[in-house]
Structure formats: C-alpha cells, structure tokens
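Two complexes come next, and they have one chain in common, chain A, joined by chain B in the first and chain C in the second.
And then the complex of A and B:
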C-alpha cells in the first residue's frame, strides 16, 4: 500500500508541476483586474468580451490560423509520399535520406531561423512576409508529420496493397482504395500535429516575418503593455481549450485506428 | 501434357547477394493441382510471387497461356492469389472484399451481383455478406480470401500456405473442399505448402524444393515411392537409411556391402551408376516386417527397443547391431498381437522395396 500511495503522490506532483503553470492562464483571465497578481480581485468575463476589440491581436490570430492551415496541408501532402517511399520501397541511400528528413528535430530552431534568414535575404532576395514564415514552418513540421505517417503505414500488412494490385487495381487506384483509407487516422493526426506545431511556433516566426505578425510574436511584443495582458490571457485560455480538444480527438482517432484497422489484432 | 498453361524456364531470383531461386524449370498443365513443397526459406513463396507478378524474376522466362509475363504487372495477369495472411481489407465488409476486384472488370451491375452471390455460395458464407472483416474467424477469413480471388475467374489460382493458420480439423475439412472446388471449377491451382501430408492429399503433381532448387518434380506417388535423393526421402514420410557401399549392378538391382550387416540388395531408380560409391539403402517403415521367425525372408537380426500400439497399426523401433540409427517399422495390426520390448526378432522386406539413394 505504501508503494501505491507513494506513486500516487508522485503522479499528482508531476501533473501539478507540468500543468500548474498553464492553469494560471485561465485563472487570471477570469480575474477582475488589469494586473496578473495575487490576491485575486473577483470573477469577471469582461476580458473575453474586450479581447475582440483588440484589432491587431485578432489580426495576428487570423494570420496564425491561416499559416497553420496552409502549413499543415502542404506538409502532410509532402509527408505522405515520403512516408510511403520510406516504408514501402527499397532504394539506395534510404538511411541517409531518412536522417536528413529528421534533422530539423535536433537542430535548434534559433540556428534554423538565422540560417533561413540569411538564405532568404542574401541569396534568394525574397522580402520577409507570412509566406517566408510558412516556409520555415513546413521545414520544422515535416519530420513530425512524416514520422506519424510512417508509424501508421508500418502498422498495417503490406500484403493488403499487394492483394489490391493482384485483384486488378493499378498503383494509384490501390493508393485510393486501400492505402489512403487505412492511413486516414495517421493523416488526420499528421494534419492536427502540423497545425499545432506551426500555430505556437515563435522563434522562426519572429525572425522570418515581415510587417505582419503571427500570434505568438504579437503576444510577445505586447508584454510591455500591462493593460493588454488580460485580453492575451483570455485568448490564450481559449487556445488552450481548443488545442486540448484537438489533441484528445486526434489521439482517439489514432487509437481507434490502431485497434480496428491493424490486421495483426483480429 | 499438351501445351502447358504455365511455362517456367530457367527462372532465377536474387535479392542483393542472396539467391532465392537458382534456375527453376516447371511446366504446369491446364486444370492441374500443382504444389510447391519445401521447408521455409526454400524459395517456394518467392516463385509464387513471381507467378503473381509481385516479384520480377532476375533472369529467365515465364509464360502463362502462351503469353510472356515479363513486365506485366500483377493487375494485368490472369492470376489471382490467396495470401498467407489472407490480406482481407479491414475497412470493407465481406461482400465489399469479395467484390473488390470486380470493379476493375467493368461488368454490368447484375453480373457483379450474380458473381458475388455465387462466390458467397461457393465458400458457404451465406448470411455474412454485411459482416465486418474483423468480426470473422480464421476459417471465415480464409473463405473470404478464396472467394475474392475465385470471383475474378482467374486462369491460375495461387495459394500461399492458405491453410497453415487453421486448426487441424478445419484444415482437413478445407483440404477436401479445396480439392473438390478445384475439380469442379477446372482452374489451375498452384499451391505453396511446407506440409508434405497436405501436398500429398491435394496435388496432382508436387515440386519438392530446397535452397532455391527443385529436388524432384513428381506425382505424390512418385515422390514417395521413388525419391530422387536422401533429402526428398526424408522430407516425404519416414525413411530408414542403412549406409552401404555400392557394388556391381545387374539391371537396376545393385548389390550392396553394408559392412557388419553383410550383403544386401537394392534397386536404383535412375540409370546413374552407383558402383563403388557410398550410398544408402532406403526402406519405408511399412515395407519392413519383423517377427520371431521369418524363415527364408529374414535379412537382418535385431531387438525391439520400443513398441507403440496405435490401434490400426503398431510401430516398432528396432535396434540392429552395427547400425547407428535404429530402424522404424510400421506394421498393420492384423492379429492384435504385439512384440514385447526386448524381444529378439528377424527383420525382412520384399526384394523390390529397398531403394538405393546417394
């Protein structure tokens, strides 16, 4: 019993340590004060109403949503053929290609950001904009999306695709009739993951953006103005709720996919 | 055989430095039930996948119904396959699985319905058409896989160990059904198995494979009665092997010097001269008789080391002085009497039962 009690305490402390700071956000967003300090001054929802009046912040939110959507669609579209080639075909240099694909996972984003900035301004002569931010985000989201898809594609019997070919479906038709529906849970996970990675990315957005801001960059720039903080807290709380829901949904889809679609566990 | 349906000529297959098939030549006739038999890793599945077009041969030629299959993808071949894992599409129900390939044949709706219906009938899955793939038992999935391939009306049905995942009783039942189905449909079956009994039960002819080569291509009877070499003899059924030195041949009878066991005689299956070589005299357990006194038929003397009563037959293990491996003997239970363990016995066999193998 002692051991069980000790583990429970450890788990509670661990969760409090990880999620406690995050919960400060919704707590102060309902606090009837301009300053995020204790003691709490009373309950209000006015920050949630006033938030919509902060035009630049809503503009930044819209920018982030647009970039996130575009980035995740493009990244997943690139990641699908990459994951299929890596899991299905033998070709020379495969380990090297796979390592290169996964490299952005371990390169610090500040290094990537500076390198991309130099390339974009000095070599390509492209003006900084939301487009350059999106390009950077595709780079960092690619390894995540590819590995999610690869684990899904490795999870189902390769002879399903062979059977489809054998029954008269050429490769492209086999992709749409067998590979795509079976990989769908992985594709949805990849779309959600790509979106979240782009949406909360700061460093690359900070370096590569032009006059328009993404939400994280905008929020950072507003920290100097205490009276704007409650609106940011309210928006942050909303984003927290939405992203939690998204992650839970994607996990459910992924789990259900693994349970029902994997021929190994019939 | 008139013009063969499948003509395999000098087919080899290499995966990197590993050679899976060394120069395979086989002709398979129309309506034949043909088995590829061998232990795992012998190349039988690779050969089947080459027939299906999933793998391309490294060298050699494959003709199906007179057509060169080089570069013809699996979707364009007149072959369909039952996979070892069955490969039932998990996102489709029974009916959608069976009808999967029909969409590519561009049939009328009525014809599609008709074909699915009769395939469901054939494999006895009536009433399960709407059932989801993961709600099926192993035997049912096997039937779906079979129906899904047969509904395409292939010229050749390829089966990759389709019965190995089933329990013994179901397997024996499916063997009989497969055989009956093959006879009534008249489709050529190419069947891969590692189970010699299964191959014997089902096949018109069997190609026994090992290490990417064909050891012997023969009827079940031929493989059992006239094994080409020791490996075939030991894979198909049980075989007693008595080491000996071959002497002079008279016709196809060869005199043998079995050392301490004295002079013996054996039959050679082929015309190859064995004179002076180290060979084996091969004897099937059921051809050997043992008894206290065999009179003139006695060839060796031994001692019963083990006796097992199996009802319809009795098996003995008989130790023979000068022979490292004891002889295995199976006798039909005709009198209900059993020789005691430790009994001194005489051992004999008919003249033409001893086969000389190198």
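And then the complex of A and C:
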C-alpha cells in the first residue's frame, strides 16, 4: 500500500528530526577539535577527561545529585497519597483540585521562578541556596509524579483492594499488602522521573540558586565561552546518557508491571 | 476457585454508595486528608508566591530603594500612551513604554508559529502510531518518550551547535564545497527561535495526540467504510473531529509555556529574537526593577489566559469535548 509506506517514511523522518540535532552533541564531544565543525577531525575522549578534571563541574554534579534525590523522594512521598486520593476517593471539587495540581505544567517556568524568587527574597527573607532550588523543583515534579502514579493506580484491578477490605484488613494493612506492591512499578517510575525532572531543570535553578550551581546552570555558564564548547558538549552528552537510561528503565518497569498483573491489558 | 467465590453484588464495587451521609462525608474527609500534603505544596509554592508577585507589582523601585506603598504606577506605565510613535514591523505604537507591548506581540506570534508547526509535525506521527503500528508499539512509544524527558536546555543547546556560525550546517556545507563562507542568517534571529521551539516541544504533543486517536472507537471507522466513506472522508468526518479536543489541549500545552520561554531566545535568538521572558529576567536582574518585572509577568499571564479562553469559546471547545467523550 502506497499510503502506508508514506506514513512509515514520515515516521522515520520524524524520529530523525527529533533525535538528529540532539545526537550532534555526543558526536562532536568525541571530535578531536575545539570547534563543533565538519569534517570530523578524529576520535578522542580527551574532552571527557578534561571535563572530569574541573572542580566546579564535580561540585555542580554533586549538587544536582543531592537535589534530584531529595526532590524525587519528597515529591513521590507527597504524590502517592495524592494519587490514591484522586483515584480512590470521592469528594467535592475534585476536578478543580486536579487541574490546580497540573497547573505547573502549563505556567511558563519563568513565571514560577520569579514568583518564588519574590516570596523567598522579599517576603520571607530567606537567602537563596540549593534548598530554594529544591523547593521549586518539588513544585514542577509534583504534577508529573502524580499523573504517573494515577495512571498506575487506575490500571490495576480494584477488586483486589476490596477483597482485602472485605476480609477485614484495616486500611493501612490493605495499603501495605495490596495497593503498595501493585503500585510499586508506578512508584519506581515516579522516583526515576522526578529525579530526571530535577536533574535536567534549568530556569528555576538559574533563578533560585545562591552561590552553588546545579549541573544545567553550570553548563549554561560554560556556553558563553567559545573555547569551553568541547567541555560543554561532553557534559551535555553525559546528562543525555543519564536521563535516557533512567527513562528507558522507568518505561520498562512501568510496562512490565502492567503486563504481568493484567494479562489482558496491553 | 471461582465456584466458591461469593457473587459480586453491585454494591461491592461502589464503595461510596449512599448508605448513610456520614460515610460519604468520612470518605471525602479521608480523600482530602490524603491530598493535603500536595495541597500544602501547591498553596505554599504556587498560590502564595503568585499572590506575592501580585503584591509586588503594586510596589515601585527607584534605584536601590523599594517603595512598598500601594500604587498602580507599574500598570499605568505599561499602558501609558505617548505622542512619540514607535515603529515595529509596520505597526505603530503610541506608548510611553513600548518595549513590553512589542515583545509580547512578538512572543505571541513566534509561539503561535511554533505551536502550529509542532501540531502539524506531530499529528501524522501520532496517527501512524495509533492506526498503523501493530507490532512493537511499546518500543515506538519508548522511542518517542525519550526526547520528551531529555533536558530542554540540551535540546536548545544542540540547535546552537547545529545552526551556529561555526556550526554543523555551515561547516558541513563548506566542507562539501556548496558555500564559500558561513551563512550568517541561520542563528540569532526569530526564525532560529521558532525552529528550535518547534523541535524542543514536538516530543511533548505526539503522545497526547496519540492517546486521543487511540481512544476512537474502531467500529465507527468500520461503519463509515461500510457505508461507503472514502478513507479521506472517514478521516475528515470521524478521526479529525474526535481527536480535535486532545489535539487542542496538546497545542495549548505548547503555546502557553512557550510564550514566556526564556532559554530558547537567550541561546539562539540573539538581539532580534528576544521574547518577553528575556525582558522579565532583565527586569529582575540587570535593570533591578522587580516590581515592573512582576507587573509584566502578570499582564503576560492575563493576556495568555484571555486569548486562550476566547479561542476555546470561539471554536466551541467544551461542546466538542462532550461530543468526543461519548
């Protein structure tokens, strides 16, 4: 069929368009030159070695890891009861509350950033630090973590929880012995995705950080200097690898979880 | 063993059935209780900060002193008229402080172009995924999910490398002998911003559009074919209208945040490609006028909200959604 082939070709081109420019970063990060130019000069790993030797980079990496870990643990801990409440309980005003929870997805991050900046600096008089960055990241990670958990909780058979309750388990026991194990793939996805969101986030970190950098803020500061481009390419490639691996792991866990529990559900 | 299972009563699957009013009230209280940590986060980190932004927009800054007495001066200045005419793109502005208005119009236009490009690029891909992919669908979805989660900063940075003066396209074309000198018009202009925005956001909309296409009842398509509709007619009369609400929602998820985008104009826009987000950042830092920055960001949000609501009302979005939800 001609039309079928047309669409398949389009899909392949689409994937090439989406991936192509981004894959330029790892390509040139192994190029033995200060400029990101064709023709390629030869293979080298020296940009990675040099990048690793830079003290501020390591500091920024450690900061990003700390914030990412703290943010994702806290956000997931907040998102689990929220997702249970939205998928399992009936209460008035639920649609309004749900849209409010999803609001950080659409508000431009610069507005969130300056609003947080104003309240932190002018109203609360708290100095900017990694803590203020983490607070901002919890806000933007919450809608993502909540929706991942909601889709998982909606995905499995609710009668298992009812059976547990009918057999006399108190709510907390039903949660630990039925809901939690079944929701676990969703919880792991939420933990991984919450980490990625914080690890990759730039605008809020840029506005709300004090003297300490996160990795994207450090990377941004390097982009001003043309001679630091190779280091930025190497660092960017490293960040790409981290988020790609985490996304793939998260997606596989989520898909596998759904398949093994609900055989009929793809 | 299934034969020993107690038969399910309808009541067993409806935990909140109105036995007594108190049980329903308790359910609501428990539900809100579980939700309360999330609500506290939203209140303390979204509602209160936006409230603080509103309060600050009524203050004034002169030099290093912040005057906290209530005044509408910032808003008055944003809308003040002037004899002096400012020309921009064939439009004449009689404004005392025309920069925010011009940047706002420019941001809306650039964001609109990027949104249209994103939807036109993503729709066929989502259609392919929903109707043509039979095997390895999970793999396709993962391939399309990865770009969604890769760092926004890096996606923009990559276009700087691709389009730059010493970038991939220029050096590639030069080494092929197609051009003698680097093309300077590639980077640092509004077109570069629109291209970069389209690329950076296209991954966000494929999956939402795919979900709305996937939900369409296949038997309706069969019925249309059986009744003699051509493939194109079937698409125009069934698939397109039923996927419209999801597509519009996805488009808004791109349009609203990109109007205030900061990273893209900063990295690939140059002086000609600046947007309103850059102005907000400058007001808060270099120009040291946070109250004006607050007023600009609030007016921006209000204009976006008004435009979006007008648009949705004009196209009858809610009716459309009700129809496709059936």
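What we mean here is this: the second predicted complex is superposed on the first by the 259 of 266 C-alpha atoms of A that agree within 3 Å, B and C clash if a C-alpha of one lies under 4 Å from a C-alpha of the other, contacts with A are read in each partner's own complex, and residues count from 1 in each chain.
One rule holds for everything that comes next: a contact is a pair of C-beta atoms (placed from the backbone, for glycine too) under 8 Å apart; a residue touches a chain by one contact, two chains touch by 3 or more.
No experiment lies behind these values; they were computed from the predicted model shown.
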Could you look at A:210 and tell me whether it touches chain B, chain C, both or neither (first, second, both, neither)?
neither
Now for A:118: first (chain B), second (chain C), both, or neither, which partner does it touch?
second
Of the two partner chains, chain B (first) and chain C (second), which one does A:169 touch, if any: first, second, both, or neither?
first
So which one touches more of the residues on chain A, chain B or chain C?
C
Tell me which partner A:82 touches in the superposition: chain B (first), chain C (second), both or neither.
second
Which of the two partners, first being chain B and second being chain C, lies in contact with A:181: first, second, both, or neither?
first
Check whether A:56 is in contact with chain B, with chain C, with both or with neither, and answer first, second, both or neither.
neither
First (chain B), second (chain C), both or neither touched by A:159
both
Which residues would you name on chain A as touching chain B in one complex and chain C in the other?
159, 162, 166, 266
In the complex, chain A residues that touch chain C:
3-4, 7-8, 10-11, 14-15, 17-19, 21-22, 24-25, 28, 35-39, 77-79, 81-82, 84-86, 88-92, 94, 97, 100-101, 103-112, 114-119, 122-123, 135-136, 138-139, 142, 146, 158-159, 162, 166, 193, 196, 200, 202-203, 207, 216, 219-220, 223, 229, 232-233, 236, 239-240, 243-244, 246-248, 251-252, 255, 266
Chain C residues within the chain A interface of the complex
8, 12-13, 15-16, 24, 27-35, 37-39, 41-42, 45-46, 48-50, 52-53, 56, 66, 121, 124-125, 127-129, 132, 137-138, 141-147, 149-155, 157-162, 164, 166-168, 170-172, 175, 199, 202-203, 231, 252-253, 256-263, 267, 277, 280-281, 284, 290, 293-294, 297, 300-301
The chain B residues in contact with chain A across the complex are 52-54, 73-75, 79-81, 83-85, 87-91, 100-101, 103-105, 133-134, 136, 141, 148-149, 152
For the complex, give me every residue of chain A touching chain B.
156-157, 159-160, 162-170, 173, 177-178, 181-182, 260-263, 266
